[in-house]
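Dumping the structure here so I can ask a few things about it.
Naming follows writing order (A, B, C, D and E), and every chain is counted from residue 1.
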Amino acid sequence: MITSIIINGILIGLIYALLAIGLTVIFGVMRIINMFHGEAVMLGMYAAFVLFDKFGISPYISVFLTAPIFFVLGSIIYKFLIDPIPAREREITSLIITLGISFIFATSAMYIWSADYRTVTLPFSQDVMVFIKTRIGYPALISSCMSAVMIVGFYLFMSKTYMGRAIRATELDKDTASVMGVNVKWISIATFGIGVVLAAMAGGILSPIFYIYPFVGSNFVIKAFTIVVLGGMGSVTGALVGGIILGVAEALASTFLEYSMKDIMAFILFLGILLFKPSGILGGRTRL
Amino acid sequence: MLEIKGIDSGYGKIKVLKDITLKIEKGEMVALVGPNGAGKTTLLKTIAGMIVPSKGDILLEETSISGMPPHKTSARGIAYVPEGRRVFSAMSVEENLLMGTYLKKNRPHKTESLRMVYDLFPRLEERKKQTAGTLSGGEQQMLAIGRGLMMRPKLVLLDEPSLGLAPLLINSIYKVLERLNGEGMTTLLVEQNVKKALSLCKRAYVIESGEIVMKGPSEDILCDENVKCTYLGI
Amino acid sequence: MFFKILSSVLFLLLLFSQVSYGAGTFKIGCPAPMTGPGANFGEKFKKAYTMAADEINAKGGVNGTKLELVFEDTQAKPALAVSSAKKLISSDNVIALLGGWSSGVAFAVAPVALDNKTPYLLEHPALDDITRKNNDYVFRLQPTTGMYSAALEDFILKVVYPKEKKKQLTVAYIYVDNAFGQGVAKYGIIPFFKKNKDKFNLVVSESYNENAMDYKPLLLKVKNAAPDIVVLTSYLTDGILLAKQIKEVGLQAKMFTGTGAGHSMQDIYEKSGKATEKYFSSGPWHGEIKDANWKKWRSAWEKKYKYVPGEHEVEGYVAIQVLAEALKGVKSSDVVKQREELKASLKALNMKTIFGTVKFDNFDGYTNQNKAYKMTAVAQWINGKLLQVWPKEAAEREPAY
Amino acid sequence: MQNRSVKPIVILFVCLVVLSFMPFIIDPGSYKYLYNIFFIVNVTVLLATSWNILGGFAGQISFGHAGFVGIGAYTVALLHYHLQWSPWLALPLAGVVTLLAAVIIGSIAFKLRGPYFALSTLALAEVTKLIAEGWRSFTQGTQGVVVSPGPLLSIPSGGALYFVVSLWLAGFGILCALLIKLSKTSYFFLAVGENEDAALSLGINSKKYKLIALYISSFLAGITGGVLSVHTGFIDPSSGFDMVHTVEPIFLTMVGGIGTVLGPVIGTVLLVPVGEVFRSHFPTAHLLLYGIVLVVFARFIPKGIMGLFRKKKI
Amino acid sequence: MNILEIKDLTKAFGGVVAVSDLNLSIREGIIFGVVGPNGAGKTTLINVITGVEKITKGSIFFKGSDIGKLPTFKRSLEGITRTFQIPQCFTGLTVFENILIPLLLRLPKQEAQLEAARIAERMFLKDDLNKQAQMLSVGRLKLLELAKAYATSPRLLLVDEPMGGVSLDMMDSLINLIKSLRDEGITILLVEHVMKVVVALADELVVLNFGKQIALGAPQEVMKRKEVIEAYLGDEYA
């Protein structure tokens, strides 16, 4: 049973990590806490649902089709609502603005899709494979693997492409990045867009194994925050490690203590890291 | 190459530079010296576009670049090598250098540029995978200069390249600068190490409290009593 | 200056909101979760109330007075619900309050109803304590959490236990950690299995947070205990995930049963990808299904809303009918007196509805509680249909056990 | 000088006394909903003021006020439930118990600065909520606890009583804020919030002042929770520790003007009724409208309403 | 009598040694100059004396008692105050409030206000009294730094590059101001780059390079030493 528990912990941890990445990127580069992160996940789930329901496109494919739309959405929000705020007020004002947007998104979703619960039921939703005596459902397996691929892909984007490096450079030193020829303003807009895309993609990938309703976003936010802190703010590998540690720790706590203990476990981890290594598990400097 | 006509500049309402006029010819290496807080860095930042001057004009090859954001001035060929250790600390050495080829026009020359920098600073090649933040001060300075050179600039603005370095390292960095100047690179060098800077450059400007108080050939400035007094207290 | 104007305009708006419009109707206050996680249920009840009220109004209303429904969003939060209830009572002058979906909300609203001497009719919040507080203004027509398992207990003792021919059956119980889940656990399921210790061994009994994403560690633990019977008390979303993940971890048992709520909603079958096939669900029944009126109502519902109604829809619909019936006894025109008359009339009510007979009694510590033990049933999911299988007299088909 | 510091206190006192007569002018019996809104406004003023003392005066942004409110609310509810205390009598204790909790919370959270401090308060608030959910034998878990307020000094519990009590508690909160603002301490708060390193180098014991701000803030927030629990007559973890209690005081203070005594009051008086009116007039769309109001306010007046006035001492 | 004694002081950041085995004694009532090229450890020395940075090795005695373990604010209350090279003012507050804050720690409000006005006048800040600190120029901010530090009634004042950004005409008055502070009996540790200022002010001068002391003595004499000129001005100068 213990191997099964750990394997399952890792699989859910990968999904947790994907949920956190959009948040950590936006916070890392712009020091903005995006309060509508959960709602972006929710919109991603609905996008996946609609494309699956109407056109039969698998969420694992449609996340790539809808990404440009979410990029534009995120960029517009940053360009017109957050960027014009004077820097001195931005840290907290952006909190209110993104909170307001979260209300707007959630209610709009209710008007568009009603408050009904939706699910994406794939043709192979009941199929199971067995791996080291652990039964893993295909949707769970594919979603976790997709998460891993996305995280690795994003890591490569951030380390191997000019744009990715420009984003990191901007995060580390705006002024110096700008004299390298980086249009810092545009990179900030793009980073916000990317953060929203990552949240929406996480939603899409989550849709086959979770349920969807307009207010589902709030379920993910605290989890995502926990991982951002565990892994270190702004760090992609940190989010991955943080997600897996959280997944496994929760699984172990819920097995050997009581199931309801797992959340307390998560917060004890959270506080412990904050107190003893506020820069996150991988710690040190801001790293990728 | 570069012509600055009577600019005022500063941060917000604080005026740091007053009526600065300055000229650099192509292929020239000019020093800008002055005490801490005199406005040297502010001037470089203004040229690079990080600060918009409130008055006056800046011309690069006869076109005004005044008020242009830094990513545009860099596209026009200005490389600003910031003071201190402003390398991208969490990125590797090679990633730092590649940031120098961020501009589209420089991307095709990526490999040659890297080769050139690694030839200039073999230390950097040895440590290309290392995180920049873990380099020693001198290596970070080399990295910052190398990164600027990756931009294949027409004009390099060097901000205190000898800051906090041991004499040996300073010498090796200065040798590189000399060699690059010999190859025709135009440079504006800001230095607190007056003697060094003046020995390298033929011409210099002295700035104090945001004003150019003296300009001319290096030898003249070195002999000036006032300068001696400011720097040596003699 | 702009803000001064804005604030004075808003203040005026506020005062105008006090003016009650549409006088000459019976206003019924409906605090419901219209946004937030319970919004789906708010919509269900809104449909049910509206359908019943429209039918009554089409026939000319009650004694010539039409019914008017006033909705307020509670987000399923007790504090907001209290605020809504106060507003409905004082500024909308409603004659009675309805429902509120969740036990937590009803628990908080009940004292407000008492303070304002306004009848409060519950059709779904099930926590026993709500009608055990000697609160004379609170009426409940449906079974309490403690009654939810009445039919299930009967079914397990009379059908399952004899059939298994084992001395002791092992049972795993998983329930959602909220007022409803706690209520069912505390008043229904756990006491039942403890009382019959000789026949059953409760090997796992754990609660879970309703927003959890991953139940597999819990289910693996259950699987490890290899129970004969798995009892689940869940809402919809958690029910769906549980059903899917039970399949995934390969947890097998002789019997899976829910206790109403999520497990008796059509959604759970479809949205779990049919994972609840053969699941039982025990809770409030879907109404007197042998009744001709029930059949008529059900086809009318399906025609109007294009889906098969469950317990929530029946309860909501019947609640309005019960109120309408009781309102026949209201004669005066002053709302304060009307409320008293309505209360008296509700107390005297004995009415046959499609949900069953509704009569509010005081018994066993309950006040104004419909003796609804019999309004529970065990139903089973077979081929996408949840049909009642127990008690025998209300069965639509034989249980597949 | 003396006059200048007494004047605002006198004005506050006069306002409170005048407003206390409101129930004689507008009948609480027939305007229950209006009084309900008044009550919510008063309580929210108290909570926003409490947040402002910590976040605005001392510059320590807290994401954990829901935790304080929850602890206060549960103190009243549990004293009533276990020991049959009158909830009214338990009210001051709500503040005290919350303050004691803040001693523990502060000793952990103040090891950190800036966003890390904010996040740790968020985590600590969640932990207290999980304890309230998990410790069923003591807190009744998610089932919640009923509180029946009963009369206060033979004044029957009802709209008028809630209004007057909440009004004076809000007044008490504003008075605390005023006294701080008019005292020397406010300068030390400002110094610590603006630049902790500079403050330390000038001999200001920053930890002490951060703790003072936290203690006052938590005491007021705990009382807020206590009153809410008395008014609602019911408390469960999801409503006691609702994230709204964290988020609402922050944006109301921001809208009104952070760090000023009047800011939280103005923000609350302006926006809370709007929210309530939206909610009852547009049961499904109110969050959408409220969201738009938030975005517009933050986008166009990022410094808050008090920021529009040049002189913003109070 | 020595007001400050530093014994075998070492401060390392990880592997980098900023101050190494330093021994210093500062007599009461003098201006003690500290010079050296950038990165020589001057600011680190100030940080260690004020307790912003913990000591790696060694000890610090202030008026004869070991203060090595006291927190920054207590050292300030004992009489050790500093100014920052990059001014650390309360930027959102007015100049007057900036000066008032340290005074409030030991005076009643009214007296503190009078005193603050007096200090502002003395520090040439009278005209800026009601301006927000963030509106000041760098030079004025340096004055404000000094005013704030002076308001704590220090016995030992550590001044980190007061002249940076100060206009030429202002420099002389500033020199006189610092002199007058010494004449009041305040011991001053002065870190400065502008040599003419150091030479004009310092009664005693130490030159640091790479965290080590390379010369100590009267300024005129020290500045002539070969090793100082090499370290400070470039090796070929001499």
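In the analysis below, contacts are C-beta pairs under 8 Å (C-beta built on N, C-alpha and C of every residue); 3 or more make two chains touch, one makes a residue touch a chain.
On a predicted model such as this, the values are computed, not experimentally measured, just so you know.
S.K.: Which neighbours do chain C and chain D have in common?
M.R.: Under the touch definition, chain C and chain D have A as mutual neighbours.
S.K.: What's the overlap between the neighbours of chain D and those of chain E?
M.R.: Touching chain D and chain E alike: no chains returned.
S.K.: For chain A versus chain C, what separation do you get between their C-alpha means, in angstrom?
M.R.: Centre-to-centre distance between chain A and chain C: 36 Å.
S.K.: Counting in whole Å, what is the centre-to-centre distance of chain B and chain C, each centre being its mean C-alpha position?
M.R.: 75
S.K.: Which whole number of Å gives the spacing of the CA centres of chain A and chain D?
M.R.: The mean C-alpha positions of chain A and chain D differ by 32 Å.
S.K.: In whole angstrom, how far does the Cα centroid of chain A sit from the Cα centroid of chain E?
M.R.: 48
S.K.: Could you list the positions in chain B whose residues touch two or more of the other chains?
M.R.: As it turns out, chain B has no residue touching two or more other chains.
S.K.: Among the residues of chain E, which are close enough to touch at least two other chains?
M.R.: none
S.K.: Do you know which chain A residues sit against two or more other chains?
M.R.: 106-107, 110, 218, 260, 263
S.K.: When you check every pair of chains, which ones turn out to touch?
M.R.: Every touching chain pair, ordered by label, is A-B, A-C, A-D, B-E, C-D, D-E.
S.K.: Which positions of chain E touch chain B when the two form their complex?
M.R.: By the definition above, chain E touches chain B via 37-39, 134-139, 161, 163-168, 193-196, 198-200, 210, 219, 223, 230, 233-237.
S.K.: Under the touch definition given earlier, write down the residues of chain A that touch chain C in their complex.
M.R.: 1, 4-5, 8-9, 12, 15, 106-107, 110, 114-119, 121, 125-126, 128, 135-137, 140, 209-211, 213-215, 218-219, 223, 247, 250-252, 254-255, 258-260, 262-263
S.K.: Contact residues on chain A for chain D in the complex?
M.R.: 31, 33, 81, 84-86, 89-90, 92-97, 99-104, 106-108, 110-111, 218, 222, 225-226, 229, 233, 260-261, 263-264, 267-268, 270-271, 274-275, 278
S.K.: Which residues of chain B touch chain E in the complex?
M.R.: Per the touch definition, chain B meets chain E at residues 10, 12-16, 35-38, 137, 160, 163-167, 192-196, 199, 208-210, 229-234.
S.K.: Within the complex, which stretch of chain C touches chain A?
M.R.: 35-37, 39-40, 42-43, 177, 206-209, 211-214, 216-218, 220-221, 224, 236-237, 240-241, 244-245, 247-250, 267, 270-275
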